[in-house]
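Heads up, the next two complexes both have subunit A, just with different partners, subunit B and then subunit C.
Up next, the complex of A and B:
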């Protein structure tokens, strides 16, 4: 042991600060989170109650609503984001290098802002009054006014629209880099066959970008599962009749407003499992990719 | 010439998409600069008739926004500084050095990369409470030092550096620390720049952890402060948009100053939060 320390002391010194902080504030908390999920932990400690918290969740209409909203939000938003990123990156690619740099920056700029202030603007845009911008814009088409965040039917739609209406700049950059590194020979061969630009895109570009697509689907899905600030700000933490409640919003209120830490930890475990399932699904489809 | 004409529709389409994407930001600044009595108009005016800094005066006079901005710079700045030091040290060890337990440690780190942050929120809250660090700056900063994305980034980068320089320095009698400090750190500048930008942005925008850990409004970072403005000035959109504008400006300035690092960072690190 001491010999190892003398030989490798520097290596351990180099990893020590990061690794000890990682153990204390990530590794232990993950383990403790799993334990808390099996406890009836209230403001002060808790007793072991097995899987009872998960039974409570299964019967809890608010949690079911949160789960359904989160999955619906993630499905629509991720489908839109990945499609938009692919289309925009494909449009940018044939342009000159300077245009590419310009457009990547243009599409990334809106994303440097915090979820909080973005949600504040969307709340202002989707407010239910005639002076709300969304209502005014639709009003010129003879539609509305809509109640948006003031209505249990439309609040989730407003939250989803706020996410869908922004071009996902990160995805554009990743797709753009991936398209740039695709082998040119395939396109030259397709040119010889007389394939048009759309046919080349459809039959060469899109299939070859599959690894990037899968990566983006996974990352965007896991991020979408964690949607919180939009709901917290746009709809005061859940909207009318819990119309926009999401899992993280419910974790926050269950733990830090109602002191039911065990139950909230069980919700966090559900979220964790959802993230793992998505990651495994990606791994699987990448593996089948190799097979043909 | 013909290629420009052919590409014109593409440019128009992309510019329209970009304008739509940027529009909320434009609307934010426009609302903040409207005279208070004209913020609410039917129909809303997308092109301003009159601009005023009245909302900004009200904001700075009636809210601790300056204090919140200073808090955010301190919190995000300290977290970033420690990440640059610790992540480059650990990244160097994982990339270039051999020691017992290395693979297990790195595997543990990688295996937590997909864990949603909310999973650790409640236990971290308990740990900080046990340490007496709730409602303190160290309570917000310490958990921020535990995210391991930077270790991963630095390891990937340092792996690509040539090993000969290190050997040469050791032959010349350099200590292990000097090898790290005078060979690895200077060569890692591009990755460190990306890490600095990403970390600063991440903690400038952080919300749920400080929301849970801090109680005293004087300690709030700006995002948490903004959320409390929302409660206080519920429908005073002039005030709310001005607060949001003041919080947005520093990040936008950072973006224009370091665009290349942002784009480079996504390419190296993926679309992390």
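Up next, the complex of A and C:
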């Protein structure tokens, strides 16, 4: 052990800077968040109140609404984005090498845009006035006008649509790379068996992509649980009658506008637990022993 | 004994005579001027002092109103009191800067010597013992607007200097009034029924398809709940009363505007900037906003006051003439360094007093210091000098309802009142139902603030 440490110990020096930053900016804040969740913490300090903050959350209609909105948003958006990424990547794959590169870049490029700007564009698209793009476009088909973000019944739908209609560039690139590495002999065997393109996609491509799907589902779910700027910009931070309020939006206002750091930390803990439980469930349901 | 009393009276009379001579010889001025003069006496005798002024939205070199007025104020101050050096620290409007203030003042017990603040912050800092009580004379107290002074009172003590009162009122597009054949309110006075009728006539679609809406507001105020005499709290600020019959009937009037569809369809999510932009683009005929928009319209060549736009009071209904209003304050942080604290008070008095307006007007180019009507009578006049619309706004302070400072107001507002308002305006709940449902949560938060 000592010899091994003597031989490889110096290598820990290389890890030390990153590890220190991780401890300082991730691990410690998380630990402090857990402590704050058990306190009536204000900017002046806090007093230990046990699990009372969690009791407050259970009785808080705004939190229950934020929880429901977050779960609904995550469920629809993750399912749609993963499916969309898979379909788009599959459609790109048969193209020539240059075209593939072009489309991958095309779908990935929007990711470099500021999320705030993107949300502002969506705010304009779903503006309930006739100059809103969605209403103008649907108007040409004789539909609408719809109230979109101006109505508590449609605001969350508009926010979800804004996420669903954005092709997830990261997912497309990952799926595209994964599809490219699938063994060709399986497709050749399927060809010999007379399988059509859809059958090959359904029975070869999709099952073999499960590790990629698992990764994307977990990552997109965590991102969806953390939705903030889209809601904040599109619907002024909660929409009519708090129709679009999400957990992170509520954490933000509870901590930085109402000064209740303890309560906000308790919300963050709930979100953290939700993310872990859902991730475990996703790992269990999508885990695979696929090797190729 | 008798002799002693006689001497005392004589001495008293001598002292009064001496004071009379001093007053007679002193330059004529308002109560504020005398106060500033007495304060300057302390400064003149004082050694060099450096203090820090924290001002939201101050960015060195930028053209924001806060930056221009703050730089000009420091320059003018330096000419009067060269021994006190002031450095300004800025930060954008928003929670990030609020947090910076909180951490400095409440946690580190350091930071600004003097700072701008609003709303519940005054109470929060006062409750933490971090505000130094302004040494106001009786004349100065009388000079401040009573409701503004009330808004800076914590446990019977005034804890900050009221700077200005910001009333919400109606901006009217005279071109649209003319187009729709609607007569603008005479002298800016109108009733709710008149506003309602005007808004209905002003909601129309032009031949080119452009839709014009009669009325709009941004989602940051509750003026209509005041219109019939409703108020959020009782006089002692102990009981939540925004579910009173007067408040309910006020909300009903607001709902009637929504039901008449005289407001744009996105009125529930219309933020201040968007509402302003929509007024400027001629989509909205009557817009309810505070005084800062006057400068925006004034800077636009397409908008000529009296020809294209005017302002009118918030309409009157069952209650007395009123307006929704906010107050800005200047506060001085409590600290051990007596010289810095004295200089900070002196500067705070200057910033809120009658001298700063004329001082900045004398600069080249002249700088308009007051962004809203002053909270002090002796300082109020100059705001109206800059623009005829401001002359009208300056008179609104007298009836503006200044929201009392309750440290939990932002939570009551955002978490409970706004959803309740939206539910009523969308027709999902009756106004009474919506306001009744808020009451217990609002009262709990009010009780918490009063602890």
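Observations on the model:
Here is the rule we use: the second predicted complex is superposed on the first by the 265 of 292 C-alpha atoms of A that agree within 3 Å, B and C clash if a C-alpha of one lies under 4 Å from a C-alpha of the other, contacts with A are read in each partner's own complex, and residues count from 1 in each chain.
Just so we're on the same page, a residue touches a chain if its C-beta (ideal position, glycine included) is under 8 Å from a C-beta of that chain, and two chains touch if they have at least 3 such contacts.
Worth saying up front: this structure is predicted, and the values here are computed from it rather than measured.
By the touch criterion defined above, A:78 reaches neither subunit B nor subunit C. In the superposition on chain A, contact is made by A:136 with subunit B only, not with subunit C.
In the superposition on chain A, no contact is made by A:163 with either subunit B or subunit C. Using the contact criterion defined above for the overlaid structures, shared-chain residue A:276 touches subunit B, although it does not reach subunit C. When the shared chain is aligned, subunit B and subunit C each come close enough to touch A:256. In the superposed pair of complexes, A:86 makes contact with neither subunit B nor subunit C.
Considering which of subunit B and subunit C touches more of subunit A, the answer is B. Look at A:147: by the touch rule set out above, it reaches subunit C but stays clear of subunit B. Of the two partner chains placed around the shared chain by superposition, subunit B is the only one that A:226 touches, whereas subunit C remains out of contact. In the superposed pair of complexes, A:235 makes contact with subunit C only, with no contact to subunit B. Under the contact criterion defined above, the residues of subunit A that touch both subunit B in one complex and subunit C in the other are 127, 129-130, 252, 256.
Every residue of subunit A that touches subunit B in the complex is listed here, in rising order: 4, 8, 10-15, 17-19, 21-22, 24-30, 32-33, 36, 88, 91-92, 94-95, 99, 101, 103-110, 112-118, 120-125, 127, 129-133, 136, 139, 165-171, 173-174, 177, 215-216, 219-220, 222-223, 225-226, 228-229, 232-233, 248, 251-252, 255-256, 261, 264-265, 268-269, 271-272, 275-276, 279. Contact residues on subunit A toward subunit C in their complex (touch as defined above): 43-44, 62, 127-130, 145, 147, 149-152, 155, 235-236, 238-242, 252-253, 256-260. On the side of subunit C, the complex with subunit A involves touching residues 95-96, 98-99, 102-103, 106-107, 124, 128, 209, 211, 219, 264-269, 271, 408, 410-411, 414-415, 418-419, 422-423, 426, 428. For subunit B in complex with subunit A, the touching residues are 7, 10-11, 13-14, 17-18, 20-22, 24-25, 27-28, 31, 40-44, 46, 82, 85-87, 89-90, 92-94, 97-100, 102, 105, 108-109, 112, 114-127, 142-143, 145-148, 151, 176-177, 180, 201, 204-205, 207-208, 212, 223, 226-227, 230, 235, 237, 240-241, 243-244, 247-248, 251-252, 254-255, 259, 262-263, 266-267, 270-273.
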